[in-house]
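A, B, C and D are the chain letters, set down in written order, and residue numbers restart from 1 in every chain.
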Amino acid sequence: MAGNSFGEIFRITTFGESHGPAIGVIVDGCPAGIEVDFEYIQRQLDRRRPGQSDLVTPRQEKDTVHIYSGLFDGKTTGTPIGMVIFNSDMRSKDYDNLKDLFRPGHADYTYFKKYGIRDYRGSGRASARETACRVAAGAIARKLLEDNGISIIGYLISIGTIKAEKRNLNEIGKNKVGCPDERAAQHMERLITQLKEEGDSTGGIVEVIAQGVPPGLGDPVYDKLSADLAKAMVSINAVKGVEIGDGFACTELRGSINNDVMSPDGFLTNHAGGILGGISTGNDIIVRVAIKPASSIKKTQHTITKEGVPIEFSVEGRHDPCVAIRAVPVVEAMMALTLADHLLRSKLSRVDY
Amino acid sequence: MAGNSFGEIFRITTFGESHGPAIGVIVDGCPAGIEVDFEYIQRQLDRRRPGQSDLVTPRQEKDTVHIYSGLFDGKTTGTPIGMVIFNSDMRSKDYDNLKDLFRPGHADYTYFKKYGIRDYRGSGRASARETACRVAAGAIARKLLEDNGISIIGYLISIGTIKAEKRNLNEIGKNKVGCPDERAAQHMERLITQLKEEGDSTGGIVEVIAQGVPPGLGDPVYDKLSADLAKAMVSINAVKGVEIGDGFACTELRGSINNDVMSPDGFLTNHAGGILGGISTGNDIIVRVAIKPASSIKKTQHTITKEGVPIEFSVEGRHDPCVAIRAVPVVEAMMALTLADHLLRSKLSRVDY
Amino acid sequence: MAGNSFGEIFRITTFGESHGPAIGVIVDGCPAGIEVDFEYIQRQLDRRRPGQSDLVTPRQEKDTVHIYSGLFDGKTTGTPIGMVIFNSDMRSKDYDNLKDLFRPGHADYTYFKKYGIRDYRGSGRASARETACRVAAGAIARKLLEDNGISIIGYLISIGTIKAEKRNLNEIGKNKVGCPDERAAQHMERLITQLKEEGDSTGGIVEVIAQGVPPGLGDPVYDKLSADLAKAMVSINAVKGVEIGDGFACTELRGSINNDVMSPDGFLTNHAGGILGGISTGNDIIVRVAIKPASSIKKTQHTITKEGVPIEFSVEGRHDPCVAIRAVPVVEAMMALTLADHLLRSKLSRVDY
Amino acid sequence: MAGNSFGEIFRITTFGESHGPAIGVIVDGCPAGIEVDFEYIQRQLDRRRPGQSDLVTPRQEKDTVHIYSGLFDGKTTGTPIGMVIFNSDMRSKDYDNLKDLFRPGHADYTYFKKYGIRDYRGSGRASARETACRVAAGAIARKLLEDNGISIIGYLISIGTIKAEKRNLNEIGKNKVGCPDERAAQHMERLITQLKEEGDSTGGIVEVIAQGVPPGLGDPVYDKLSADLAKAMVSINAVKGVEIGDGFACTELRGSINNDVMSPDGFLTNHAGGILGGISTGNDIIVRVAIKPASSIKKTQHTITKEGVPIEFSVEGRHDPCVAIRAVPVVEAMMALTLADHLLRSKLSRVDY
């Protein structure tokens, strides 16, 4: 069934595999009149692109976005925005030795069981290549939010067992892992280097904050803002968990502590991560996303072939020791898409709006 | 905007507030021919009902379900199943002192900001009363799954800082908290008693497992099985986090460990929690859900009135020190609803199905 | 698959069969703050109810609506509005002789082929009884529209070969068939009487006009206002055709005639029926709906049993010689539901709204 | 709001304006395993293309479809199919004199009122150019249907006041207007020639038949097959009416005539056009579509400018005297898309499927 769309009002639909000629996205339901230009979108895409530091894969994906519709004189027209990114640098031969086996931790097996087809060229539709479309579409959502005073920032708070102790947002751009804790960042960088040598990988946690979100976003009871953010985040490749505000940690607190006290000046704390009853409170929206260790590693692994025969193999090619680093702009994009959708939805909740 | 439906094919829509005359649910898209009777649905509802032990609220909600359509001769007909549960024992006067203030940790403030209306009778639509509809509808989903060899079991693995160390599923029914670890259960029961005395509350973590799920469920890239489960769980009242398989813990592992090795006899481990690339693997689906401390506590709290004036108050009435206990059948119901929807969806993925 | 919902933002979902205990509807996505009361809804329902004149079926359906949620202090709260209408006067025994055969022109055969079930008690879900839910929900939509200066009026313009030549809207309430042409109405009444005597039926055409609709409603290219109105109307029982503005007749015109000329004072004509490019022009929306002769007739008919054996039969019970008469409030309701949905949708088309 | 998608399971989303660089479509929810190739799709597109006879516009649109995803080894993979058609021969200068006025009968005015933007380059999103995407996507739906024994054929049954009296399907390909009545076709051709000389246009009626449709397609009560077909057809540019089976004519019949009698050998007549109670009967599905006279004519017309000043003008450029001729493949495509969606949906109506 059709599962390649996200959002109800501000709605994106994507297509494309990692080793086909192109990927693309249609943004439908974007209101007319948003000023948005090619450079703005391209800049967001460039943040996601591989090959930007020695810590991530050196694949060169140019990721130039082509905007085919929906903009006129630098503004959105209200009609669907069609964007295409052509694939290049697709070394399909890197995948020749994987043609007939199921890579553990990958979607090879499950796609084969679901669709009855083994498209062995890379990861096909399951590749993180698809997330470029999320970032391109997310850029437009982001512009809509910015025009409404809402900003989004994401960063890495852990790689493996190394955790950021600080949230120094000025630090994020200064290190190669995008971590808001200078010391932790140094340890993280060393770990990545070590993992590259070992031919192994590890996971990480991305935190993302939205500031300036007005109260009232979210549609109970099933389309709670928290529920839609959870779906948004877990729909990203390699994500295995999500939490809002204090998340799992709040289960250990007493209610008398966890309840965010309201004062005439607003909430005194934000354990809730900006969402109560599925609706935004006006406080910062805080979400954390758990990203598993990349499945593609150089280390020799055991698996089976399509015919069920055991086999040893090693993934050649150029892969990331920690995909969480490059996930940050994708997490931001999904936050932007979810908020843009709910910002629009919120205009319909009262007749006096 | 309409946010009170869940599911695409097997789709539920609910209505009703805690202090109105009735709540109800329409199950649409349920295939014809499922044998399901009143007793089966009522049994699931009875599991959720308050007043079953001295650890949970002594409110007496009879929760008798009335089935008005969609069944004939003990089988579903393919037409929508309408079910209504009348409210009783609604002591609205318990809420008189809350009429003009915003209870911290509650949805009072956010509903007021969103809809411009302060319905002070209990929590209205934000009340967990609505989850009775999920359980009633979930019972039908569960029957469809059972007929396909799929079973679901949920249990409590932590309350506050007390964690279950074991997963002895036989133990679950034997203690008042539904925990699969006898020793932990004893500590949990003591903690609940203590919290009642203190007039405070704490959170907990529910784990739910689905067994017998065939490979191939889930519709990448946005309607991944994991993404839809995340939305399902976070849509439940008081939920602040969700994880699949090893979840947040897997971020600390190496890829060489976290990758579940495939052998001719199947996967050797299940770090992935039964989902790869958003599609079920055939292994057990494992999900954990973080539930915050109940907001309603007897302890005196500070807050503000609708007019913004600081005020002290205490929630009278009969409330749960740990709502996670009663959340278990709701978590199971949301798992059942999500799987039933995707089981049906999966029939459309190949022309040879 | 779930097919019992209509609308995207202002969305209704219905349940119930003609011979079960109750039917009902959930209105989801209705904005908070609309003043609407029981009497207003009941009045619309009373217009649809059978037994109001000697020209329609004398069945006595009381059709008292019970509103279980979504209203507080006489206003909508933004949460789902649940309404239930209990069935009464269900003479199932009238259907005993139909138990094992397929009535021609009815949905007996197609429901049986689709769902594998023969619910022989009346027409079950296919009964026009379901339209009471449309009218109840439509009353709320209508109130929202009225508050925005939009009014809707429907009437009968033909029964069999008798056509209204005039559109004297004051005449509608004065005759038993609801026709805006006094002379035609007299002929229609005579025809109905004659058909009752013959035990036969005939069809009719309902015209519905919406006045005060602002320009800008409709979402090209698939959710054109005209397309959604077409779906709305053809989803009504017994409808076999729909047209907008001049409709089929405009195919015979020259473009130079059919193009509605614009002047500084607005459009000089309205061949388009108030919709251009799928978007409302600000002119009256004009729709006509073709309703087939009722399938249930006293006259002896030929058909086959479930086992395929030819059989003669006659439909006993109390049926309408022309269901188009009672269809008018249903057609109005579907117009109201479609316009309310698109009125809300239109608020999202521009950032400067 | 997002309105550029059609279908629930088999779902298309389109983008693109007539005078931008490209248009395109994503087909999502297409099952894996359908054999479909570029030539098959291109052939359908070539049928729609202008410039094929002297009766239609001589614009040369090459309409070469580029398939970017969703196919592997000649079969659909179950992942979204992305297709792009680049625009060429876009003589924007033809539109220079229309820049500041509203063409009567066009969507200029309504798009401007809705979106606040006047994209004067041709008709932008409202152009029939978009229908190329419907035809490309429809080709894939058509292949799915053919593999299930379902075929679709459309043809012109009237232009202006000239009506086809016969349904000689062999005749359709033999005349320039695609009419199944040789004599009528000759009159139609003459009328078109005359209209070209006059610089005027006229409307027409397209009839489309689907054969081999199994009983059981359609999801009451709102997603009736007839209702979804009505929406599909009225979503096409210039369509002002639709009818199923006898349609408006059946309103003049008696029930005793209009009821299609069932015999052991099936239905003896097909007044219902293959749909009863919103569900297919197994008989031919018959739909007729009313297409208004093209709005773009050479004849001098009166209108107003954006500023409301009266003005005379004439549409230069290359336009069709009767757009109904070229609408046939589009009508067929919408029939194919609707049936493919409902064919898939029908697999979910019973547990024994």
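Everything below uses one rule, namely that a contact is a pair of C-beta atoms (placed from the backbone, for glycine too) under 8 Å apart; a residue touches a chain by one contact, two chains touch by 3 or more.
Just so you know, these numbers come straight off a predicted model, no measurement behind them.
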{"item": "Farthest chain relative to subunit C (centres taken as mean CA coordinates)", "value": "A"}
{"item": "Between B-C and A-C, the pair joined by more C-beta contacts", "value": "B-C"}
{"item": "Centroid spacing, where centroids are CA-atom means, of subunit A and subunit B in whole angstrom", "value": "26"}
{"item": "Computed distance of Cα centres, subunit C from subunit A, in Å", "value": "46"}
{"item": "Averaged-CA centre spacing for the pair subunit C and subunit B, given as whole angstrom", "value": "38"}
{"item": "Junction residues of subunit A, two or more chains touched", "value": "1-5, 8-9, 14, 29, 32-33, 78-79, 114-116, 125, 220, 348-350, 352"}
{"item": "Subunit B-facing residues of subunit D, complex", "value": "9, 29, 31-34, 78-79, 144, 147, 220, 344, 347-353"}
{"item": "Contacting residues of subunit C [partner subunit D, same complex]", "value": "1-6, 8-9, 14, 102, 104-107, 109-111, 113-116, 125-126, 130, 158, 160-161, 195, 200-205, 215-224, 226-235, 237, 239-248, 250-264, 272-273, 275-282, 290-297, 299, 301-304, 308-310, 324, 345-346, 348-350, 352"}
{"item": "Subunit A to subunit D touching residues, read off their complex", "value": "1-5, 7-11, 13-17, 20-24, 26, 28-29, 32-33, 66, 68-70, 72, 75, 77-82, 84, 114-117, 119, 124-125"}
